[in-house]
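Naming follows writing order (A, B, C and D), and every chain is counted from residue 1.
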Amino acid sequence: MEEDYFLKTENLFKYFPIRGGMLSRTMAHVKAVDGVSLEVRRGETFGLVGESGCGKTTLGRTIMRLTDPSKGSIKLEGEEISRVRGRNLKNIRRKMQMVFQDPYASLDPRQSVRSALVEPMKIHHTVSSRNEMNRSAEQLIEQVGLNPDHLARFPHEFSGGQRQRIAIAIALAVKPTFIVLDEPTSSLDVSVQAQILKLLKDIQRDMGLTYVFISHNLAVIRQMCARTAVMYLGRIVELADTQRLFDNPKHPYTHALLSSVPIPDPEKRKGLETLQGDVPSPVMIPAGCRFRPRCSYATDKCEDLHPPMLEIEKDHWVECHYDLKFAASYSD
Amino acid sequence: MKLYEYIIRRLALMVFVLFTLSLLIFYLTRGLLPPSTALAPYISPRIGDAGKLSLARALGVATSTCPSFQDFASETNGCIVPLWGQYYGWLVNVLTGNWGYTLLPGIAGTANTWDIFFSRFAFTAELSICAAILTIIIGIPMGIVSATHNNKLPDHVSRIISLGGYSVPQFWFGAMLQILFVLYLRVNGAGLFDATGALSITCGICFHNPGEITTYSGMPILDAALSFNFPYFWDSVIAVTLPAVTLAITSIGALTRIVRSSMMEVLRQDYILLARSKGLKGRVVIYRHALRNAILPAVTVSGLLVAYLLGGAVIVEIVFSWPGVGNASLAAANVLDINFLELYVLVTALIIVVTNLVVDVLYSIIDPRIRL
Amino acid sequence: MKSKPPATEDRYGRRADIKYSLYLLKLNPVVLVGFIISIVSIILALISPILVNPSSWHLQNLDLRLCWNNPAFNWGIGGVFDCTGRIYPLGTDQYGRSLSEMMVLAIPIDLEIALEVVLSAVVIGVLFGSIAAYVGGTIDELILRITDIFLAVPGILLAIVMIVVMGRSLFVLTLAVLITWWPFYVRLVRSQVLGEKEKPYVERLRAMGAGRTRILFVHVVPNSIYPVLVQATLDIGSVILTVSALTFIGLTPSPLLPELGNLANQGIQYIFTAPWLILFPGLTILIISLGFNLLGDGIRDILDPRLRR
Amino acid sequence: MRKVGSEGETILAVNDLKVIFHTYAGDVKALDGVELFVRKGEVLGLVGESGCGKSVTALAIVGLLPPNAEIVSGKAVLDGTDLLGMGEEKLRLTRLKDVAIVFQDPMTYLNPVLTIGLQITEIVASQPDLFIPELIKNRLDEISTIEKAKGELVPKLQVEREKLRAKSQTNRLGNEELTRLTRLYATSILKSVRLPEPEKVFKMYPFELSGGMRQRAMIAMALIRRPKLLLADEITTALDVTVQAQALQLLQQLKEVIDTSVLLITHDLAVVAEVCDRVAVMYAGNVVEVADVKELFRNPMHPYTQGLLASVPRVDLVAEQKSIQGSVPDLMFPPSGCRFHPRCPRVFEKCPVAKPTLIEVSPGHLVSCFLFGG
């Protein structure tokens, strides 16, 4: 892999200790991120998809250094950022920003839009004069499709979609090169969702941004992302070009996930295939292949051996013992 | 965490709290005033300087090498035992069960502090328990009615009663009750017990010869019941009524508000909607589905409630001349009866801390989500 | 309710807040009473030096002690003296001072102590409570354990000992009440901040690069302060109750001091001969305390977002 | 023009339902004359964006609107009786037996301090006489299943069977017997919603179950009543796709088993396409279009339906989504005339002036829009 990756994580782990007992000993760990290696290319939208509790949000937060990784490395433009602290971390934050799921809660209710937009400029001293700050704020608000009159208002005066636009504008205020989008549209209505997705695409085109797009919504991932990683219980089980991943899933979990998504077309009604059982607790991860208990193709090998991550085609990685066999069986 | 581990942990914390509190009281009573004031309550005109010096030694304030009382009084020649040394001496005494003789005016030196404290504490306990019962049987139903009739007449009435009760000065309310009942209705609420705790009758609706009871707990009502002495029981209940109502009035207000707000909160919850959608009767929805959840916040404040009742008892006992420890605490503070004050603080703190522990354990039983 | 109507611009904003407050006031007019009582008592406290000569409480006139000459009301009990000369609307006390004038002088004293205690408690609470919650770890544990100690003992007991030992002055009285009061605020602020700091906007601010101090004092504390202020309003009444209870049991700087609890204490000896002496000061305490409680209760309803729909 | 809901096999017909919420800031006109009907045995999808009034419609039907709501006009006729004009006690019995509702978020809708078992059995306990025939039948079925499995008659069970048959004549049970049979019935219901180890789940508290299991438990609470109509209010919204698929599949199977009709409320058009027979689209308190599901997706007529369909991202192909301009109106100040007109790309002079009515444009396809007559 000689290619120059924009963001690269290697063997990234994030365990949350569960404390208990008389002296608050660590009894166990929630293995939220359990050895993730991925590369994000400059200027692409990298999708991270999985069900709730699979660790995708924790992975996003770990990359953003909102929580310290337990182990492993994160490189942003070649620079190791997994251990930086203090002033250096603050400087890193100028390059990477995050947009959160809930636009109702991710804005300070007591802060006007103008003050919220100006705050990052103040923190990072990117803009010096008050006039310039105001001008930047007006520019930003127009960039996200609102108008400068809105600057004096407070978050509760806006609808969900408008708030998410404000949150995006704030993230853009320090002119980052990289944004983690954590479920940016899941609390919005479909008609509004389309607006926000379009806005995000436009901004990316104009500013040359790199996105990591976290979502549980496969349809949105398909529309937005160039490449996609599927997470299950803290690990990436399949990673490929979005097109290839959706058209030709190799991992049984990816396949199950895709076939349980209903399609908004009654003509294509296929009867949803269902996966049995629930996601196991991330505290007691099954030995061997973690998907084995729910996998209908599991064998003894799956029970004993953790499957390796293999590149079965160029840029198509799968963590499964018997990938090709399933590829055949899906098509019938 | 296992339950017993949790309890052990909490008990360790309790020892820490009690220890620090005893230090605090000791510092307040010994550390802030000149060492010679420690002697003041014991000194009578007949004691000469030599006697004073040996008294100071006995109290652990003067060192054994102190040459004379003058040196002690002027705090020279290494006469003063440092505060931590005084505390250590006191702690050893206390831990071996020696709480000294009481300094309370009138009975100073005649009895053991421990005995005096607990014979009086029984009265405080009786008063507080009665007030707690009143608080619970009035506060909870009033809170429920208030919440289920939000912003209607019962809610307004309960709001006035509860906020009024919460705002009324207890000493004044007690005095007003006395004017009303003693002056106009001739029911005696005050002075039914004399300072030693024996019944003395000046009461219009009391038995004039209630007879004798055996002392089991020291609480008149309980002892009378255990002795099957109905007249004595009745008189004791009469005696405790006005003080208990006075003591309870504040906590009734507080509890009503807590139950009301948590009940209203619960009634807005989704699971109440589901319960109603299942076609359950209104009564079942309120008492089975809502109350069980709404009672939890009320349970958590029981520790505070106990603290409130024990603290309020000081005032109420003074107003009603109730022969409990609260009434005596003011006198004990005035004569710097360090043993009595320490005992009082430690016993109340113990009760409050244990209540909190019991409450937390109870909470985990009522709410299955809580694992200690 | 899931069924709530869509929230859009006209539903919020300052004008809607006022509209909402008025709406709640209509549902619960008692709040207005509380508001009026609080305002009147504060105004009375401010203008009291104009109404009554502030040093008149030193002047005793034993000829006029314990008399009642208000023709509007007759107590109907024996032994009530009549005074001659000027009218004393609420009678005189045992030092021959006009009770009504003493009460006017007493209100600012009680209110001042209450404000001092509550404001200091709020400041201490915000400082230590927010640090405990935000920093966490050992500091949190330490602060919590210290509050545990103070919460494990009835405050009034500690206050009695403090006043007896440190001397009977208004300052010690204030300090003694404050000592028993601050732990509640530390706990309250701590729990508010704990809840507030988990909100997504705090995470967003961290991702933005904002420092801890900025997040805590510019964003989290101002957002969690309302319940604290409501509690402070409610506690003004409770502090007055505690202070007057302490002076009532004799822990007063001077028997002559016009302080409501002290006035009532002087009155209790004459409870059957001059009932007005205990009646009116106590009633005043009740009314002022009730006023602030009603006000705080109303403000709490207005600020409670869960009640809105 | 055919009157809506005039079909013979209709189980529920809602006519001209208007609901207002009184709030401190003013009145919110949440429902503005909702018209819809559910046929016996069908799944009707009620679809719309948040705030369009779909949940309010469901709550109004079962009489569970919050106290500040007022039903201004309208009828909701279930099997010949109007639910809206009913007394409180009769309505309670209707909720108990005829109309069941399953809600969105299984965590907040289950009482955290009561066991799943109690929350199911209390339904039977609240009016045992309504359930006794089913309780007995369930036990008799169980007995024959056991015997069939063994291949012989078990004397003990034979005795029990005789006893139960006798009791089914009088429709009376002793307390102990009632508790036992209720428990067995509840367990069998838990089994039928495919909860693993139903006896164990019976004793568990909601927090001990996963999201999907909680949703099943809530479905079980509806199922035990064998309702004529099941209102499913966003039942899959809080669930992951794989769990959503399980829940939808379960719903379809159960619908066949207990022979009920379903009003499926959702904002997800994909779910509608997957499970519904017919669809009603709601916008700002009105039903704007009703059609057979295939017809609606093939030939959406109302501009709102068209916009909604164009904005849905698809998992099976990449296409540019189009959004509807503007945002949902504040129903305190609803737009005049057709409530969609401020956002409508095909608005003309008549739209802001008059309110269109729902008319049948082609067989079974109703639209409320002046472009099609209105």
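One rule holds for everything that comes next: a residue touches a chain if its C-beta (ideal position, glycine included) is under 8 Å from a C-beta of that chain, and two chains touch if they have at least 3 such contacts.
Note that the structure is a prediction, hence the values are computed from the model and not measured.
Chemist: So, comparing each chain's Cα centre against the centre of all protein Cα atoms, which one is closest?
Modeler: Per-chain C-alpha centroids compared to the overall one single out C.
Chemist: Count the C-beta pairs in contact for B-D and for B-C, then report the pair with the higher count.
Modeler: B-C is joined by more C-beta pairs in contact.
Chemist: For subunit A versus subunit B, what separation do you get between their C-alpha means, in angstrom?
Modeler: Whole-Å distance between the two chain centres: 57.
Chemist: How far is the middle of subunit B from the middle of subunit C, if each middle is the mean of its Cα atoms, in Å?
Modeler: About 23 Å, centre to centre.
Chemist: What whole-number Å value describes the gap between the mean CA coordinates of subunit A and subunit C?
Modeler: Computed from C-alpha means, the inter-chain centre distance equals 51 Å.
Chemist: Subunit C: which residues touch two or more other chains?
Modeler: Within subunit C, residues 1-2, 8-9 contact more than one other chain.
Chemist: On subunit A, where are the residues touching two or more other chains?
Modeler: Subunit A, residues with two or more chain partners: 159.
Chemist: Send over the residues of subunit D in touch with two or more other chains.
Modeler: Counting only residues that touch two or more other chains, subunit D contributes 50, 103, 327-328.
Chemist: Which stretch or stretches of subunit A touch subunit D in the complex?
Modeler: 51-52, 159, 161-162, 189-195, 197-198, 216-220, 222-223, 243, 246, 256-258, 260-269, 271-275, 278-279
Chemist: What part of subunit D is in contact with subunit B in the complex they form?
Modeler: By the definition above, subunit D touches subunit B via 62, 64, 92-97, 100-101, 103, 105, 108-114, 122-123, 126-127, 205, 207, 218, 221, 225.
Chemist: Quick one: which bits of subunit C touch subunit B in the complex? Just the residue numbers, please.
Modeler: Against subunit B, subunit C makes touches at 1-2, 27-28, 30, 77, 145, 148-149, 151-158, 160-162, 164-166, 237-238, 241, 244-245, 248-250, 261, 264, 268, 271-272, 275, 278-279, 281-283, 285-286, 289-290, 293-294, 297, 306.
Chemist: Which residues of subunit B touch subunit C once you look at their complex with the stated criterion?
Modeler: 13, 16-18, 20-21, 24-25, 28-29, 32-33, 151, 156, 159-160, 163-164, 166-173, 175-176, 178-179, 183, 257, 265, 268, 270, 303-304, 307-308, 310-312, 314-315, 318-319, 329-330, 333-334, 336, 341, 344-345, 348-349, 352-353
Chemist: Residues of subunit D touching subunit C in their complex?
Modeler: 21, 23-25, 28, 30, 50-51, 55-56, 59, 65-66, 68-69, 103-104, 233, 327-333
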